[in-house]
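Dropping the structure in here first, questions after.
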């Protein structure tokens, strides 16, 4: 076997082994260097995986050499390869940004722990995305969750502690719901391997146990992905976490949960016919629409920009959920491409906010007044990513919106199509509030004292903002992958 | 607790037996109930008992923070390392059968090593969690 | 005496709900953590119950024994217990920090303090 | 006999769970939760899950209780009366419970040897693991080998929790003058 | 250079100019020289395209495949050529005017002004040359956003409020209506290319044609069809060169241009005529023409009056399209050019008055013609063109629109055109009359003054001359517009 054959395992094992190495090393700079190396290695591995899955079709990797369903199997198909690339790409860019920001926001003697948590979180997220075993998802979910709680709690404001605690409680409830759901499904099928389970579920699809299992899985995953109205943990967690943690989590954590939802609901339960027999898609659509409007509307009134963008995430998750709820190839492709697109623009925004916090010590709307002239590069990145959030053409947000609307029209759901467009107008309101404050307001005292952020923060921020334009101008690549992924997912869904 | 010699002597006598039991659990897990995880917890329990009776300072001297951290890290690395060795030996990650000429021997070696890794990690992690909690000054107030 | 076929499951459901209720409705953070523990252990009971085979023994192979209970749920729950205690430890660490920073561990009081800061 | 014990242990668990909910003295609550763990461990023994019972006793009743007691030295021992009506909580719990009970209706009966989980996947563990792995304790075989990857993850979870606790509490006050 | 290269050049040149403009921010003379040079070269480039297009060539260029199966592509046809010519010809003139105005008015942030101005021109070029509806939409939105800083240039609370209205209406209509219509078109027709005769025939039901057409018309907020016209008066807080070029030419013409383009190339006149999907628009356009004229009559602020006049005049183009007669569409196309030169003259004059005398209200203008004869003379020419009297360009286009109305027997449209002509005369002629024959009012604030700075006067003289020239030599415009409808 060549190294290439082991890539699926390495994608997870490399960050996993990096964590103890970081703890053993302890020196902040060394810890950071390891985190950067690992993130970029994961990106390289994920890129390779995506390339080979697109070229040669799905393949699996048997951990411990045990055949599925007896052992644990890694199954790489276009969907999870794409998610792997998203997560590791965000991690790679954010890792470069981390050194300067972490040095300012975290105690020196805790920095190595921060980086250890960072790679563990990455490891957990990648593990969830690549595995083909339903229980293994739970294990890696917990790795990522526990590390996330700590990352959030390391924020400077004391409210970070309560935010982390609430996240811990709700996250654990969500994970336990997931375990209940998997337990019930396991009980009726006798297997934990997702592919095997998908094969065996249709025979028992009529039982109440399987229906209850589906319900628990949807609620459990819904909690982790912060789908409205299960989003209560998210705004505070994002608002008070350290800048680096917020940027990383906003780009990755909820995305991977969405992936798990896709994998479980469509991949595993798709063949049971329950998706159409139960009003599940209608429920998801209602949650999505409510999230889109409530999230955006609340975002308009937030005095703290990190919170505003956190609520915007709730709305954006609504878009993703909506795409799934159409249960059509275009809709799914829209949802999947929006996973990528939203990850890029939200990371860009939170990185830029991190740069603002770096200089001002705050990201409140009254403090950023007039900052546009003091930190032109940072604020230009905010503007570009903000336009993308609105869905202005030539940015990634437009691509997502386009396909969502197309899917809504394809499904004949005209009011939904209008709702998508209307809700994007709410984004204009909260983005433009920032624009007006930054460029057209009288500078605050804090802004007057500020200068442009250090290059080490600007470059990663602009890497993301640039990507938001790049993949918005030429979306053929991302849409191609998203379509392939959507087709692969829909293959198993019973009509 | 300085005035309770019986407790101290009793504890000193008890601890070796606890450690022995932990080792038994560690290595007998293949045949009966037990394994690295339970052994690690029991091993940690011995130190917790020691700390409770002889005080945190003594316990910390017996098991310094740096050592705990290294054991903890080493445990994880050992487990994952076995997997990597399996990879290098031509199998998949965590394939123990390739560790030796006969698959079952390989499995034995692999399971022994990963259980050891689990034991080390759990022991050090549990001890660390306890020590950190116990070292916290109950009257401490942080101001933000 | 025969236990009704689903008795254990129902009891597990009752236990789970008690735990979940403590998590949702109780304002004391320690109580929430304890409630989470109760909730999780009850789920473990569900799993272990499903692994039981009538007339079986513990899945340690021995001569002359033919019926064993199912080891797979046991393995899963071993993992889950560890995850549970890890969560508990982290939760308690947060509780300690919250107490030190806010001076209280009651949800209502915390919310009041936070609203004052927003 | 086993059945009677089963009922008795489960009933005691219900009692302690309700008591945990009811009592406001946190010390008592923590002790009860320890007892709840021990009862669960007892139940696991009855259900042939000796490894799990062992772990539950060591972890749930042991370590977790010690940690909670440690926490109680730093926080108030008494839970305050909450003003909040818990009607919402009650509704959520009732709905969840109802869903679960609904889910149990089509479950295989307790102990049914023909249940799907005993017919699929597991038979190979029971029959072939002596030849493939060579250990009498099938739980260990599955844990460390067939599903060894889960266990690596579990080890990582513990590692994460430990360094997480260090990050949150480590040296906090002790180091500073 | 081949036509596709020229098209690329026309798109990129203004964008490239932004760099030097920003770099020369400390040297106003250099900065403005760069702007002027870029404008002049752009006009030359567009002129270079005129020959081939007039000869029947339709140069194409794919920029990038944006979405699978959907490219950002350029394709120049007669209507686009007409729009591109008008916009690029007026950019150098406006820049010349702006040099005088901005300096005379001591405006702040002039570098930002010139930079975003150049971007706006690039966007207008993109709209003119768009090869499909997606490309058009992209540049349409770019134009909206890059003109926002120009509208809010003053930075006052009033400017910010106006900016919100501007952005809210333009983004709101384009996102909710236009984008929906475009995606719908894409879903139904499987293409967004501009094809003579349209792409929707046989793809959607008759009822859907009417709904879709409405989505397009109201989705193009820049066409200022009522009730989505409020942004245009709001935008008048911008400096006058912005009002002149963007809100009399580039932005609003982009709007009516889009309506025309959609009518001809997406639906096709035949489909709309056959399904009756455009009938309602005659009413809406007619209403807008009359209502806006009436409002203009009540406005004392000169720029506000001009803004409402613009709203009214824009709907001539929309009316021309809605009549669905080839000759009226031809008239609509010519009106894009005719109104452009006339209205920009009026705005230039209004701005010149403001710079020289600080007067902004119609009632203050009595006697000003004697102090500023060039300015008010040009104003008179522009006013005649608005009314549609010879010897000005407005007469030509109005003639064709009216012919279309008569030809199709739509007496309502005939009545609208006649009535609005009277109204136009009613709100323009008194200004001209009192400027030359009225008695100057001395209120103590206004000092003696003469003409505005010479660059401004030169600019408005040029455009006034162009207004007359277009009457005398309308063949090129009529030729292009004739190609559009195949006559």
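We just call them A, B, C, D and E in the order they show up, numbering each chain from 1.
Please note the rule applied: a contact is a pair of C-beta atoms (placed from the backbone, for glycine too) under 8 Å apart; a residue touches a chain by one contact, two chains touch by 3 or more.
Keep in mind the model is a prediction, meaning the values are calculated, not measured.
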Shortest walk length in steps over touching chains, chain A through to chain E: 1
Remotest chain, chain D as reference, centres from CA atoms: E
Label of the chain whose CA centroid is most distant from the centroid of chain A: E
Most contacted chain pair (by C-beta pair count): C-D
Per-chain Cα centre nearest the global Cα centre, belonging to chain: A
Length of the line joining the C-alpha centres of chain C and chain D, rounded to whole Å: 5
Rounded Å distance, chain B centre to chain E centre (Cα mean): 78
Centroid distance [mean C-alpha coordinates] between chain D and chain B, Å: 21
Distance from the mean Cα position of chain B to that of chain A, given in whole angstrom: 35
Junction residues of chain C - those touching two or more other chains: 16, 20, 50, 58, 60, 72, 76, 78-79, 82-83, 86-87, 89-90, 92-97, 100-101
Of all residues in chain B, the ones touching two or more other chains: 31-33, 37, 72-73, 76, 80, 83, 93-94, 96, 122, 129, 132-133, 136, 140, 142, 144
All touching chain pairs, where touch follows the definition stated at the start: A-B, A-C, A-D, A-E, B-C, B-D, C-D
Chain A - residues contacting chain E, complex: 387, 390-394, 399, 401-403, 405-406, 409-410, 417-418, 421-422, 424-425, 428, 432, 436, 439-440, 473-476, 479-480, 483
Chain C to chain A touching residues, read off their complex: 16, 20, 23, 29, 32, 36, 39-40, 43, 46-47, 50, 72, 76, 79-80, 83, 86-87, 90-91, 94-95, 97-98, 101-102, 110, 114, 117-118
Interface residues, chain C side, partner chain D - complex: 1-3, 5-11, 13-22, 24-28, 30-31, 33-35, 37-38, 41-42, 44-45, 48-62, 67-79, 81-90, 92-97, 99-100, 105-109
Chain E - residues contacting chain A, complex: 64-68, 72, 137-138, 141-142, 145, 149, 152, 155, 160, 163-164, 167-168, 171-172, 175-176, 179-180, 183-184, 186-187
Partner chain D, residues of chain A touching it in the complex: 16, 19-20, 23, 63-64, 66, 69-72, 109-110, 113-114, 116-117, 120, 123, 127, 133, 135-136, 139-140, 142-143, 146-147, 149-150, 153-154, 180, 184, 186-192, 200, 204, 207-213, 215-216
